[in-house]
Each structure stands twice: as C-alpha cells, then as structure tokens.
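Below: one structure, written as structure tokens.
Labels run A, B and C following the written order; every chain starts at residue 1.
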Amino acid sequence: MTTVIGKKEIPVIIVALLSLLMIVPFFINAPALNSMSTEVQRMLVPIAGFALILGGLNVTLRNITKISKRSKDWQFSIVLLATFVFFLVVSLIPSPFFENLYTMAYVTVLGKVNEAVMALIAVFMATMAYRGFKIKNFETLLFTLSCLVVMIANAPIGEAVWAGAPGARNWIMDYPNMAGMRALNIGIALGIMAYGVRTMMGHERIALGDIEIKVKKE
Amino acid sequence: MTSYDVALSLLASGLVLMILSFLYRESGWFSFAEHIVVGGLSGYGAAIGIKNVYYQGLTPLAQGQFWYILAIIAGLLLFAGLFKTLAWWVRVPTAIMIGTGIGLNMRAAVETQVTAQLIDTVRSINTASLTTNINNLIIVIGVCCVIMFFFFSTESKGALKPVGIVGRYFLMISLGSSFAYAVMGRTSLMIARFQDLLSYPNYYTIFLAVALVLYDILKQRKTS
Amino acid sequence: MKLETLLKIDSRWIFLAFLLAVAIPIIRPIGLPLKISENTKQVYDAVESVPDGGIVVLTPDFSYDNTGELLPMLETFLNHLFTKNIKVVSVSYYGAASPLLMETAMKSVGLETYGKEYGMDFVNLGYIAGDETAVAAFGADVHALVKVDHYGTPISELTIMENLRSAEDIDLEISLSAGMNYPELYLRQWQTTFGTKVTGGSVGLIYAPLIPYISSGQLLGYLPSMRGAAEYELLSRKPASAIVGMDSQSLVHLVFIAAIILCNIGVLGSYLKPEGGEDET
C-alpha cells in the first residue's frame, strides 16, 4: 500500500488547516467556526509557554556542556547558571518573601544591567555617525541632511538655535519619510502574505524545517 | 534608604559600570556582567513559561476542558528536538504555531497594512492650496517609486531605471530620519543609567571605576 | 593641521564626549524650553476623549532594556489617566518583565495619590505569551483567556473586569511598544476587527515607520521616545524624569552633529589634497 500522506505533508496540512480556520470566520458569519478558532488561539498560549521553558532549558544544557568540556571562559557559564537558577527559583516560589526578593533582584539589579547593555549601542552609534556619514554622492547627501534636520529639531537646543527646525522636521517626517516608510510597510505586508500563501500550499518549507542546506565542497 | 537598599544599589551600579567598561576595552568584568544578564533573563523567562503553562494549559484541563490535553502534548513535542530520533516531531507544534500565526496575520493585514494605506496615499492634487498639492504629489510619487524600487520581477532598465533611482532618494530620506529617532531612543537609555549612576550612593562606584581605568592606562604606559 | 587628520580621531574620544554630554546636564541642568508638537496634542486629545467610566487598555510591550525610553511615558500616561474617571487595564504580550515594569510605574505614580482602588479602577493582568494569537484571543473573549491577574487573583473577583468582555468594550488602547509589530498587531486584531481606537508611544527606533499609520488616522498620534514623553509631561502639567533628560539629549545630539560635520570636513580635506583621493579609514 502506498502512503498518500507522508511525513513531509503532515506539517503542511496542519499549517493550511489552521490558517484557514483563522481566516474563514473573519470573513463569513459562522459561529461554530468562530468559537473553534478562538479556542485554538487560546490553546496556543500554553504552547508558547512551553517554548519559553525550552529556551531556558537550551541555555542550561549549552552551559552545562561548556563547563563539562572546560571550554574557553567556562567559569562564566557557572555565573550564568547560578543566576539562571536563582531567578527561576525565586520567581516560582509563591511566598511573599521570595516575591519581594525576585522583584528587588529584577527591578533593582538585573533590569538596570540589561538596559546598560542596550545603552552601549548609543555610544557606538556616535562613532558610526563619525565614520559612516561621509557625503560622497546625492544619496548620502539626502541621508545625512534628513538625519541632521531631524536631530536638530529633536534636541531642545536645536529648536532654540533654529526656530524653523520643528517645521522642517515635520515636513520631512510627514511627506518624504512617510512615502518611503509607507511603501516599505505595504511591501512587507504583501511579502508576508505571499510567504503565508506559499507556506499554506507547501511551497515554502524552510519554516517547517524541511530543507537541508547542503554545502558544496570545493 | 536601608543598608540593604544601599547594597543592592551599589551592586547594580557596579555591574552597570562593568558593562560600560566595554567602551574602554573588553575585559573579564564585562563578560561577568554579561553572563549575569543572560542567566537572569533566561531564568525569569523560563519561570514565566512554567506559570503560563500552569494557568493557561493545566488549569483549564483540570477544570474539565479535556481538549487542552492536545495543547499540552503539542507543547511537550517542542522538546522532541533535544532527542535525535524524535526530532521530526518538533515540526508538529511548529506547524501549529506557524499556521495560526499566518492565518491571524493574513486575515486583517490587507485592510490594515495595504488598503487603508493606499486610500491615504491617493490624495487630491487639485486643492486650493498649492503647498498641499505639492505635498500630496510627493506622497504619491514617493510611494510608487519606492514600491517600484523593490519590484524585482523585471530588470530595472529603460523608464523603470529613473523611477527606481527616485525611490532610492525617498528611502535615503526615510532612513536618515529613522536614524535620528534611533539616536534619541538609544541615548535615552544611557541617560536613564546615568541618572541612576549619579545619584546617592551610586556615584561612589564611578570614582572607583575612573581610578581603575587610570591605573590601567598607567600600567599599559609602563609596559609599553 | 591637515584637514584629513579629522578622519583619524580615536573612537574613545567620541565615547568620552558622549558620556560627558550625558552626565554634565544631569549634574548641572540647563532647562531649555520645549515645544509641544501636534502629534503629542493628538495623543493627549485621544486620552481626553475617553468617556466617563470608560475602559482603557494599557499594554506596556517593552522590557527593562527600554525603560529609559518608555518608563517615563508609561508613568506620564498613568498620571493623566488617573486624574480622570477611567478604568485602566494593563496587559502585556511582549515579554515576561513587562508586568514588573507596570509595578515599578505604579509605585512611582501611586494609586492612593489619586484615590483609586486596585481591582476597581486599575488591574495588572500580567504577561500573556503567544503574541498575535494571544492578542486575537484577548480581543475575542477576555474572560475565556484570562483566568487570574498578575497576582493570582481570579478576574471574576475584580469589579473592573465585569465590563470588559472583548475588544469591543475597549474605549482606547494605549500601546507602549519596543517593537514595530506591536502597534501593527493591535491595529490588525483589535482595530480592524472590532474598531478599537489605538494610540500610545514607541521607542525611537520604530517611530519613523509608524508615521504612515498616524497619517492614515489608524493611530491617533504616537509619542516618540523620551521627547514624546517630555512633551506629554508638559501637556499634562506633571514634569518628571523625561523633561530632565532632555537637556542631556540636547548635548548628545550636538556631539552627533559635530561628529558628522567633523567627518565631512575631513572628507573634504582629503579631496582637496594635491594628489587627490580620499584616505580610507
């Protein structure tokens, strides 16, 4: 007996059926389908919860391997695991003491350090502006001028020096910028829809992990 | 401020300065603080995941909504990827998430991101105000040219070439203004950190950090 | 001095200039005036137009890595909302830390200051995983999706939740977002489907791509980062940390402008060299 539905087809069928279950009740009045669609949406929330747990588990396993193999900088993996366990435990134990402890540890310490990591980007953006904003042609001139005008208008000191700056910024933002960004948004939306239809029809299988990337050996 | 608060505050600012030390040079201090951030965020994320499974999956199941067992099984299948022989089964929950996501995204995307946007693009260029006419024309030309710039189905030559070039000009203006706002955003993060670092008792850690940097500079000069 | 030497400044001098520009105004504030934009007024008016006893859903979709940008905004929105007779429901779809951020903001704002009561005028529903699916499910049937609030209290015991059954009951959605997809998914799942009004504020990075939605009237204005928060603080007559931070913003922007100008003088210098051409640095 030949198998009509193989391993490759099952994920595609699931994608197609669930996509249609989400789309159809939006356009036609079918209370039964609508409630089924809502129920499936709700059932996806615990699956997303499992994904979060899997993320934590992956981090743990990777670092345990790093420690056991004594890889480069393995000592930092101990720090990472200790912090991981600390936050996992104090976040889960339902007692006022632990709740206070995790709020304090998160809000007072971890959150600030996390923000400092992101704040580093600002400083590197300054060096990027210094090294990358070289006006060499008309495109870079437009890029730099639009950036300079918006920056001047965004800073209160810029407004104080050049009263027309906010007006110039608003014009840039509301017309040329808006036109460019709108076209990008429309393009992205159409691209996502095309990708969705291709996935539903089984033409786009990368997302479902069905394509192995083969590297040709020279 | 209790001594407990002071200690926590000093610990936080110490770790923040370890992160900022990357601006001077990469060192073990930076890696130490970086690993604390990754460990802490993963731990907290995993805990939230467990709570989510408990409240949104196990609780309805315990209340008699037996079909939630399917969600639990699908969620557990995510872990199949950890075992080579079972790895294929990960595709089932992945397909469930992708299928639902695609459907939800597609059903309203046309109206939200395409139709409403196109309606606002088609504006009159025959109003009483010349400025409005010019501005409306800029929008129409800009949107069309940028879309044509990303139209890869035919080669950009002949009449299409200048259209693509004008599209590129519009994109440059958009990206320039976008960069300016990104500067303001990222700077806000540094300002927030400095507002904290320059308050009591955190500023003591700054003196210590500056002293350490000066010591390192002197040490490097001596060795070179 | 040869002009092209301006292209060879050590990055660490720029780092130092940046950090000093951030720190000096914090130690010695300048107090530059700030103009309020039409966009901010539009957001303010959207909040003002919420009817008496109406329900506002506030979604802090950001984490601790964006507090500098969005926490002042969250606080200023709460301050404004609590001066009015409006029910505020907070829920997040972004990340696990968002409910804690709401707690931080609430500690700073203080429900008691405005004579409000938890469960009656405000509720923190916490974080719901699942992104777009969760937003769609919340919009369709709140009570079927959410069983307890962030502290484990069943929502059936919270008076505020009695009148919030679906997105149709939301008078205004205020989205504070660190990612481009968040305002878009509220537009897709709540506005297009249920006609919910959407406004809010975002990090600077995603503000420019959101302008088309403001222009089309889908978003009722949107605040850009710290500047937006500072203007809103002024408008609601409650100056706080965002306005204080704007002095640092001024100096940092000057550093950026100076860096761009210096670099281009250097480029000009390299073109003017007798042998021509530019040094690639």
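Basically, contacts are C-beta pairs under 8 Å (C-beta built on N, C-alpha and C of every residue); 3 or more make two chains touch, one makes a residue touch a chain.
What you are looking at is a predicted structure, and each value in this text was computed from that prediction instead of being measured.
Engineer: Assign the assembly's chain-to-chain touch graph to one of these shapes: line, ring, star, complete, other.
Structural biologist: Graph shape, chains as nodes and touching pairs as edges: complete.
Engineer: Does A-B or A-C have the larger number of C-beta pairs in contact?
Structural biologist: Pair with more contacting C-beta pairs, A-B versus A-C: A-B.
Engineer: Can you work out the whole-Å distance between the CA centroids of chain B and chain C?
Structural biologist: 13
Engineer: Just the number, please: Cα centre separation of chain A and chain B in whole Å.
Structural biologist: Taking the mean C-alpha position of each chain, the two centres sit 5 Å apart.
Engineer: Which integer distance in Å separates the CA centroid of chain A from that of chain C?
Structural biologist: A distance of 17 Å separates the two centres.
Engineer: Counting only residues that touch at least 2 other chains, which ones in chain B make the list?
Structural biologist: In chain B, 23, 41, 44-45, 47-49, 52, 56, 97, 100, 104-105, 107-109, 112-113, 117, 120, 174, 177-178, 181-184, 186-187, 189-190, 192-193 touch at least two other chains.
Engineer: Using the touch rule from the top of the page, what residues of chain C touch 2 or more other chains?
Structural biologist: If we look for residues of chain C contacting two or more partner chains, we find 15, 18-19, 65-68, 96-97, 128-129, 131, 133, 136, 145, 193, 208-209, 212, 215, 227, 249, 252-253, 256.
Engineer: Touching at least two other chains at once: which residues of chain A meet that condition?
Structural biologist: Only 22, 26, 41-42, 44-45, 47-49, 51-52, 106, 110, 112, 114-115, 117-119, 122-123, 125, 129, 144, 147-148, 151, 154, 173-174, 177-178, 181-182, 184-185 qualify.
Engineer: Sort out for me which residues of chain A touch chain C in the complex.
Structural biologist: 22, 26, 34, 38, 41-42, 44-45, 47-49, 51-52, 94, 103, 106-107, 110-112, 114-115, 117-119, 122-123, 125-127, 129-131, 133-136, 144, 147-148, 151-152, 154-160, 166, 170, 173-174, 177-178, 181-182, 184-185
Engineer: Quick one: which bits of chain B touch chain C in the complex? Just the residue numbers, please.
Structural biologist: Answer in residue numbers: 23-24, 41, 44-45, 47-49, 52, 55-56, 59-60, 97, 100-101, 104-105, 107-109, 111-113, 116-117, 119-120, 174, 177-178, 181-195, 198.
Engineer: Within the complex, which stretch of chain C touches chain A?
Structural biologist: So the residues of chain C in touch with chain A come to 9, 11, 14-15, 17-19, 30, 32-35, 37-38, 63-68, 96-97, 100, 103-104, 128-131, 133-134, 136-137, 140-141, 144-145, 152, 193, 208-209, 211-212, 215, 227, 246-247, 249-257, 259-260, 262-264, 267, 281.
Engineer: Give every residue of chain A touching chain B within the complex, in rising order.
Structural biologist: Residues in contact with chain B: 7, 10-12, 14-23, 26-27, 39-57, 59-61, 73, 76-77, 79-88, 91-92, 102, 104-106, 108-110, 112-123, 125, 129, 138-140, 142-148, 150-151, 154, 169, 171-190, 192-193, 196-197, 199-200, 207-210.
Engineer: Enumerate the contact residues on chain C facing chain B in the complex.
Structural biologist: These residues of chain C touch chain B: 12, 15, 18-19, 22-23, 26-27, 65-69, 71, 95-97, 127-129, 131-133, 136, 145, 147-148, 184, 187-189, 191-193, 203-205, 207-209, 212, 215-218, 224-227, 241, 244-245, 248-249, 252-253, 256.
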